[in-house]
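Chains: A, B, C and D, in written order; residue numbering restarts at 1 for each.
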């Protein structure tokens, strides 16, 4: 083992009480949220409406050590009951399929409970805006788990790109290829494939909603640019599939930068190939999710530098989210946990009435709204034959 | 040293007599053509009109060992004189800036001399088609140095992608970023930058003509697909520059495959980052020019395989163009030389009246025509605000 | 997000009660053990003797939510008190500097408490053997955190190398370069550097004990080979340093395989570069800790295959230790957590009196003994001028 | 295409007259030497004793365009005849199996003809020293083709490592794994395997002589260090093989640096994996032959920098040996050609009586002597059971 531990100490504040909607047995992303919440020991999972099937909900709750009386049959009951308990949950994590986000989030916001919600925020823009309005009106925290923004090297990329080190930004290239839907996996009983390719549950976007929205968020988060218009070609290559499985989009950003976004779930050989490149008048950066501890930075006419998590060139903003020394890889779960830990920082500020560390920078309901806006614009553009659409 | 030498033996046929137009002192690509011609010892450079400035032309010729009487002041004189010599050149290499290709190529074709011409073929489509017609009418060989098609692993990629191993093709992603025009290098006396950014000499395409056309050719060469329409956003990021320095294009191929092409000369940290990925219903491939001896191949639901030049998984078609054992890298000059050597094969077939090896597969004037068509369509699309244009 | 979650479900068994010796404020590896214990929610930290300084011990305990009456001033008191509680700890994690491992481990073993101990096990071989004897006599579980064996791809490497897929093993190359001791960091107040370079606390090995022993364990774990003899050159390059900071060792394994081991803490540009290669008569494998989700496997005369965690070529034995889909990197903490979770499996088998899953395969006190034996042999060899020493 | 051509212009001096001994049909390295000589157009191949079998010699000569009267039956006749011609060869390239180097080189040196000889120089040290003496006495140039020293990035590595930028050197790790002799290829009719595993023709070293000597030369060339002693374990893993196929060696350099060298021809998955790392008190470098255009350089406590051939951080000394812009890979043949071109520089200096450019830095007969000394010491050490042997 190598160097002195510095960042992410164990925290002495009380553990936050966390509830969960969705994420019962057989789900995937719920388990990720739970690990993320647990990693830095800032949360206790104490309540849940873990499944729309009561038996599964309660069995899941028991497995997770949730007291029977706090395992609810539905989120409405849960929101109401928890809001009345003295030891009610501080925050709820909503990890259902997309179409259920809206009603669940609304129920908790109306009950005065902070929300962490998976992406995309909702299946239409009106609902997304309503949630944003409601959170604002009720002065509640609302985080959306665009988890890739939690990687330390993404924080440093954001500092470089949006902070001026690359000069005036010109080109943003972002891509997110996967291959797991190359064949009709939704017909083989794979639950993750079923709902993601079903417009009833996923919304109007398939690949664009599942991963394209991650790529879009990351590009904007790092560059600090605002999208003005897009031209999207959404394709469905697998016979019988109802939603897009490949998305190719041209991007025009305010200020003149130009970009391309490619997301695919039918690109054999790609597992989770999210990759971002940003170029400006004075430099460029490149980052790949599959090796997230590295960030490549070039100042024009200088050799490219390899900046590593916790390494010699890492910034304070990146180090703040690192747990272990350089060369000891942190991965997806740690990045996801960083979002949870920043939400914990924010919640504890609220609870204590103290000022929030300015460095805390997790994605919020506003990012969620923009993500849904992006999906709708892409679908509109593509449906019109890949015409330019303004946002 | 490792294994038995097999391919690319020294050839016993007489060396072909090569002439050159352009490529005098201070030029770049001319020297590359000369090395490519020399590498496999199939050519002798015996005549030239190496510069439009007579003094430079003759000094260059002397340096290269060309006899004074075969150093010409202009290509027209050269074409005429060489066509009358018993030992006249077999073939001419045209390596001038783009705007001179047409007239020079025409002169030699009319003189009955075979042509090797740099890309893009001409600065407008009408001229390109005229050259194709003329070559056809006169039954003359006309190669265009889309040199990246000469890499052995590209030959294997072509076998896999166009040969069915990837299944039905769906997605083609090609990119070609560079960074050498990030600043206004054309104002600093850099000749290579000057003419490439000057519409008088480069034609209507800047980056799209200089390198976008390479990317386009490679995508088509490997996939075997035909482009049906495109939607192009050409940008000029450097103040005062007259031509595009960044090109982002969406591609629709016959048969339903979809693609994206990105070419840039303002992407700091990229030297010569040509990279191609092709995905089909049964597999995918990836290749990067900067490490050209490697080809990644994935059969869907199998681990990705690393195929290396001359290595265990290399095909006969790839090995045919290899000189040395695996792990001993061959590079850009060797790939370029492969085009010259295949042209030599073809010329010797013509000279001897023998059948040409079916494996010979260099780019021809037809590829050149398609390249100019692509540039024109991209410029048209972009000028119209990035609208779809059919080819 | 991609595929169905499968492995590493949340577990329904009660959380195991964990105690910790060492690991108070300012320590490094203690925090890693705690995260590892927490990640899969199999443990609760309920007791500790977290520092030899009482004030620091108790402050640390409070921070970690340990009840004041279970924060002990010393490990002896803790062992005794916990062994008498009905809800006493199931297992203790010993994460002190090396010289304290022996006495602490002995105290808990004598109190009938299972032990997880950091490496190297002790500072001399006699003590190591004594602990092994004691654990055996008392039928107690004793794990040693050679944590790199917890990576899923290392499990697959072990299957391939020790399972015959590589044929008869011939060559084992293992290396572990770091750079954090390139200068005299121990003189700058860096605690991690201080004790690791102090023979009183680290034992007779510096670099060889800190990381060389990891490399040695990994080589044996994966290959299944037993070391017969070694020839070691231990060097101290930094002026005034008391222990070795660079170790170069030749290895002779039973059965005829030959190996080399290099460990260094003075190799600028290396963060935590543990890398293992094993070659046999029929194939080879390569793995690098800094990108632990990848394993390269070559069957002789076939293209090299890239096997990824949870990916197409991953084995059941590897998948058992994976939490999330391929392409979502798991890292150092997850690998470490796998050791803790396997220990939890074993402890729950003991508690329940059920048979242990045969796949559970964490390093034990026997590995710890061999590690100390290795360090002593290396020091002996080097002291004698790099002579061969039998084990 | 990218930037202005600068280095390696076509040269105006007359082409040097080259003879060759060995390298007839079926040979491998002879063809490499010929391409290397041809690449920069500095040589003409005009004479040869290309095979010990006369028919093959003359057929080979005809193929290569050598006049019949200058195709000789044996090297002795050739040396004598060429030394008497007014247009006799300037230099001879000796590319036979190892055991013939000595007699051939001696014949040409005695005839007053400069020599380029493949490595290892001879099959015993006495002969090597005799050649060095003879070359010195006769004031003849004698190059030995340790070709890897011809890579531009190796020149920059040498500047950095031996020039002080890395501080005081501490550790040198060099390795050269291949896999082509994993099975008994010498029994399958593969000529390259036959003579390299035959002590009569290869000398006392197998793998150590074929590739270990390359690794040794490169380590010394780059570091500027002198080897003081070594401890070698040479193994023969393939049944019936007469020479070593795997070599593991510990190195002690003058001044206190320590190193390891591993060479193997039985490591499946390795093609030509020569790799060098050098570490000092202030920095480190890493270079891999299979991607020779990249050099990694770390100044301690700074991010690692990627220096590329002809790129932003490339030195004048590296650029001197580059032909084409960055990102256009140059490979093995270009590196080999650099040795030939530097020899041409030296020969033309001699012919013209001008001073030689101080940057010219090809390996000479002295390097050849040291290489043979290294092989002999390694064999001696290994035979004694891997004992330390001084050089």
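The criterion applied here is as follows: a contact is a pair of C-beta atoms (placed from the backbone, for glycine too) under 8 Å apart; a residue touches a chain by one contact, two chains touch by 3 or more.
This one's a predicted model, so the numbers in the text were calculated from it and none came from an experiment.
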Smallest number of contact steps required from chain B to reach chain D: 1
Pair exhibiting more inter-chain C-beta contacts, B-C or C-D: C-D
Identity of the chain that, by mean CA position, is farthest from chain C: B
Distance between chain centroids, defined by C-alpha means - chain C, chain D (Å): 43
Distance between chain centroids, defined by C-alpha means - chain B, chain C (Å): 54
Chain D residues counted as touching two or more neighbouring chains: 270, 297, 304, 308, 311
Of all residues in chain D, those that touch chain A in their complex: 297, 301-308, 311-313
Residue ranges of chain B touching chain D (in the complex, touch as defined): 1-5, 9-12, 15, 26-29, 31-32, 34-35, 38-41, 62-65, 178, 180, 190-192, 210, 270-273, 289-293, 308, 311, 323-334
Residue numbers on chain C that touch chain D, as the complex places them: 166, 170-171, 173, 175, 179, 182-183, 231, 233, 235, 237, 246, 248, 250, 252, 256, 258-260, 262, 264, 266-270, 277, 279-286, 296-300, 304, 385-386, 388
